[in-house]
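Chain lettering (A, B and C) follows the sequence in which the chains are written, and residue indices restart at 1 in each chain.
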Amino acid sequence: MTESANLITILWYTLAAFLTLAIFSFLYKDNPFYRLAEHLIVGISAGYWIAVLYHTSLKDLWLEPMARNFSSLFTPGGTVLQEIGLVITNVVPGILGLMMFMRFSSKLAWLSRWPIAFYLAITAGVALPLYLQSFTVRQMQASMINLSGSVRDIIGDIIIITGTISGLAYFYFSMEHKGMIGGVAKVGIWILMIGFGATFGYTVMSRISLLIGRFDFLIEWLRLLTSYATS
Amino acid sequence: MNDSSKISLWEKIMQVDRRWIYLTIGIFVFLPLLFKIGLPIFITKEVQAVYDRVDALPPGTLVMIPCEYDPATMAELRPLAHALFRHCFSKNLKIIATALQIEGVTLVKDDLTLIAAEYGKKHGEDYVFLGYKPYPAIVILNMGENFRKPFPRDYYGNELDSLPMMQGVINYSSCALIININATSGADYWINYANGRYKAPLALGVTAVMATDYYTFLASGQIFGLIGGLKGAAEYEKMIGQSGRAARAMDVQSIAHSVIVILIIIGNIAYFVSRGKMRGDGR
Amino acid sequence: MRREIPLLIVFMFGLFMIVQFFVPHRSFAYFYQEFNNWTIIIGIFTMVIGIGSLISVHAGKIKHKKSGWWYSLVTIVALFGMSGVGLIGGMENDLFLHLYRYGLSPVTATMFSLLAFFIASAAYRAFRARTVVATLLLASAVIVMLGRVPIGELMTSWLPGWLQLQNIADFLLEAPNVAAKRAIYIGVGLGVAAVSLKIILGIERTWLGGDGGR
């Protein structure tokens, strides 16, 4: 971020640096500075969520369309059926959303099941065919290997098909892992462990990257301070 | 030094206070940042694939870059976002961006406007930032039918139809490709819904911790490219000829990884020596 | 009726969303988009409930002066302050942006950067080659850790291509890793389909509440 080193900018950067160091202080031990920064950010984060939800979502998708469609009911032009239909498409989700708040009432909590049911229906309904297609069918299709190409490709393809089958055998718990199934499952766990090892290696990379980001910021802060002090 | 004190040394090494390890890592990550080392970066096939695809697009083509990162993962994905935006703007491609991760909305907006300003690009003509809506899975599905359904207006409150860039742009079929920068499990939704249902050409830029999961989709052809973590961003920066933060961070990453491997080796030696002694003592 | 109506809702709308996948008619597409939009709107209210719960928990701590209640006061003041600035001033308001860039952003980033220290400590203390599978995991991790950074290429650049660390890491990621993750994803796809079907058909009812909706 390129900003001139004026006093206001320095003060904001210093606030950010103070909060950063307060969080880092947890590495030594839990302390009031860390707790203060943690609780402050929980509040700021929740406040940010409220503002974003209102400005980007509630206004756009519900309040403004509802105001527009209700007002069109009272203005000439358009068919009554169409206008009532538009109002219903605004009012129904609003009512379902407000029914969610019924969970705080002991008498009317059962009403909150309706919007939950609707949400589950939509998400389960779209997930079923698409997850089967993308995660299962397409992946099984890709496992039907074509033994051509370089030696590396052929060995890789053989490892993929045997590894996939043996990995699936490992996760099949309806039969005891003895005899041939046991042997195949053993190969499966070896393949899985190689995969998880690769994931761990990348996880280390990921975490170190995050730390590099923070140290970069602290160095930038120190540079800003020194450039302001020497100017 | 006799045997029992040697072993107690190894046991001490195994049981060292974790704060010394924190300090070691802190030093070996902080100090290299102060110096430029310049280790060479090698390009991988999966990142090259994304670069080649974007580079082959003629000027004026529409590219969708949905960004789902937030402050928690900005260190890894922000350099990639910058590199991608720079590549697209330098080739005069048009960008549609979203930020479907609620805490990343301002971050993505800042990144997009910063890079757009570098190239003199204007919102509404050269790029459009749609902003945020909750439930990414449903938003991704609805955008596949029409961008206007989940996003009647852009982030700044302009109706989409009023923006010159959005004339004739309906859904994913209007975009040449989608490069999703994602730090969440929402990458699965892009594969299942955007590519699975709407057959949109899709590449992913994900955090390193997620990257290994998506090689299988690369192998099956469901994604055409994969950029993993800061390493992937460094490769992309190299390919567009701009050495940025990611490239510099690779030097630090090399040193930090070496230190962690050394720590693992020391820990294992200490463990096996102690175990050998315990067996010898009949413990 | 307290459980029958929700079960009927889940069945009707769930079935519609499955059927519409196979029916390209315009009316199906219209209702599909509308129902998706309704889900987003309901989602907004759900998130508001989450924030309300947060306020309720911290307000309770302050009211009953529980240990550390002053931290809860900080949370509540920050919450109302930030939301007030954002709601009244808008998302492009300077103060709102500064609180995000110099407050929320650095703290969230730093919280997650602590994981670097924890993973190093965990690798040192717990990552042991005790068994064959643990050794495989360890070896794979070390190869990828070194092979995917520049130092790995430098260390083994003098070796033949197939022995160089970055090529071994590439092979690990493109073959055994793909096999492992593919097995997992095939299982996940079957699992998601099974659970979705159970929910739509009303076999899975835990979402109705502890008493199964009675």
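One rule holds for everything that comes next: a residue touches a chain if its C-beta (ideal position, glycine included) is under 8 Å from a C-beta of that chain, and two chains touch if they have at least 3 such contacts.
These figures come from a predicted structure and were not determined experimentally.
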Write down the chain pair with more C-beta contact pairs when A-B is set against A-C. A-C
What chain lies farthest away from subunit C once each centre is taken as the mean of the Cα atoms? B
Between subunit B and subunit C, tell me the centre distance in angstrom, where each centre is the average of that chain's C-alpha atoms. 15
In angstrom, rounded to a whole number, how far apart do the mean CA points of subunit A and subunit B lie? 13
Could you please state the distance in Å, as a whole number, between where the Cα atoms of subunit A are centred and where those of subunit C are centred? 4
Set of subunit A residues in contact with two or more other chains: 27, 45, 48-49, 52-53, 56-57, 61, 122-123, 126-127, 130-131, 134-135, 139, 142, 160, 195, 198-199, 202-205, 207-208, 210-211, 213-214
Going by the contact rule already set, what residues in subunit B reach two or more other chains? 22, 25, 29, 72-75, 103, 105, 133-134, 138, 141, 150, 197, 212-213, 216, 219, 231, 253, 256-257, 260
List, in ascending order, every residue of subunit C touching at least 2 other chains. 21, 36-37, 39-40, 43-44, 47, 91, 100-101, 104-106, 108-109, 111-113, 116-117, 120, 123, 138, 142, 145, 148-149, 173-174, 177-178, 181-182, 185
Touching residues (chain side subunit C, partner subunit A) in the complex: 2-3, 5-7, 9-18, 21-22, 34-49, 51, 54-55, 68, 71-72, 74-87, 90-91, 96, 98-120, 123, 132-134, 136-145, 148-149, 162, 169, 171-190, 192-193, 195-197, 199-200, 207-209, 213
Given the complex with subunit B, which residues does subunit C contribute to the contact? 21, 29, 32-33, 36-37, 39-40, 43-44, 47, 91, 97, 100-101, 104-106, 108-109, 111-113, 116-117, 120-121, 123-125, 127-129, 138, 142, 145-146, 148-154, 166, 170, 173-174, 177-178, 181-182, 185
In the complex, subunit A residues that touch subunit B: 27-28, 45, 48-49, 52-53, 56-57, 60-61, 65, 122-123, 126-127, 130-131, 133-135, 138-139, 141-142, 160, 195, 198-199, 202-216, 219
Interface with subunit A, subunit B side, in the complex: residues 19, 22, 25, 29-30, 33-34, 72-76, 102-103, 105, 131-134, 137-138, 141, 150-153, 155, 191-193, 195-197, 207-209, 211-213, 216, 219-222, 228-231, 245, 249, 252-253, 256-257, 260
So in the complex, the part of subunit B that touches subunit C is made up of which residues? 14, 18, 21-22, 24-26, 29, 39-42, 44-45, 70-75, 103, 105-107, 110, 133-135, 138-139, 141-142, 145-146, 149-150, 197, 212-213, 215-216, 219, 231, 250-251, 253-261, 263-264, 266-268, 271
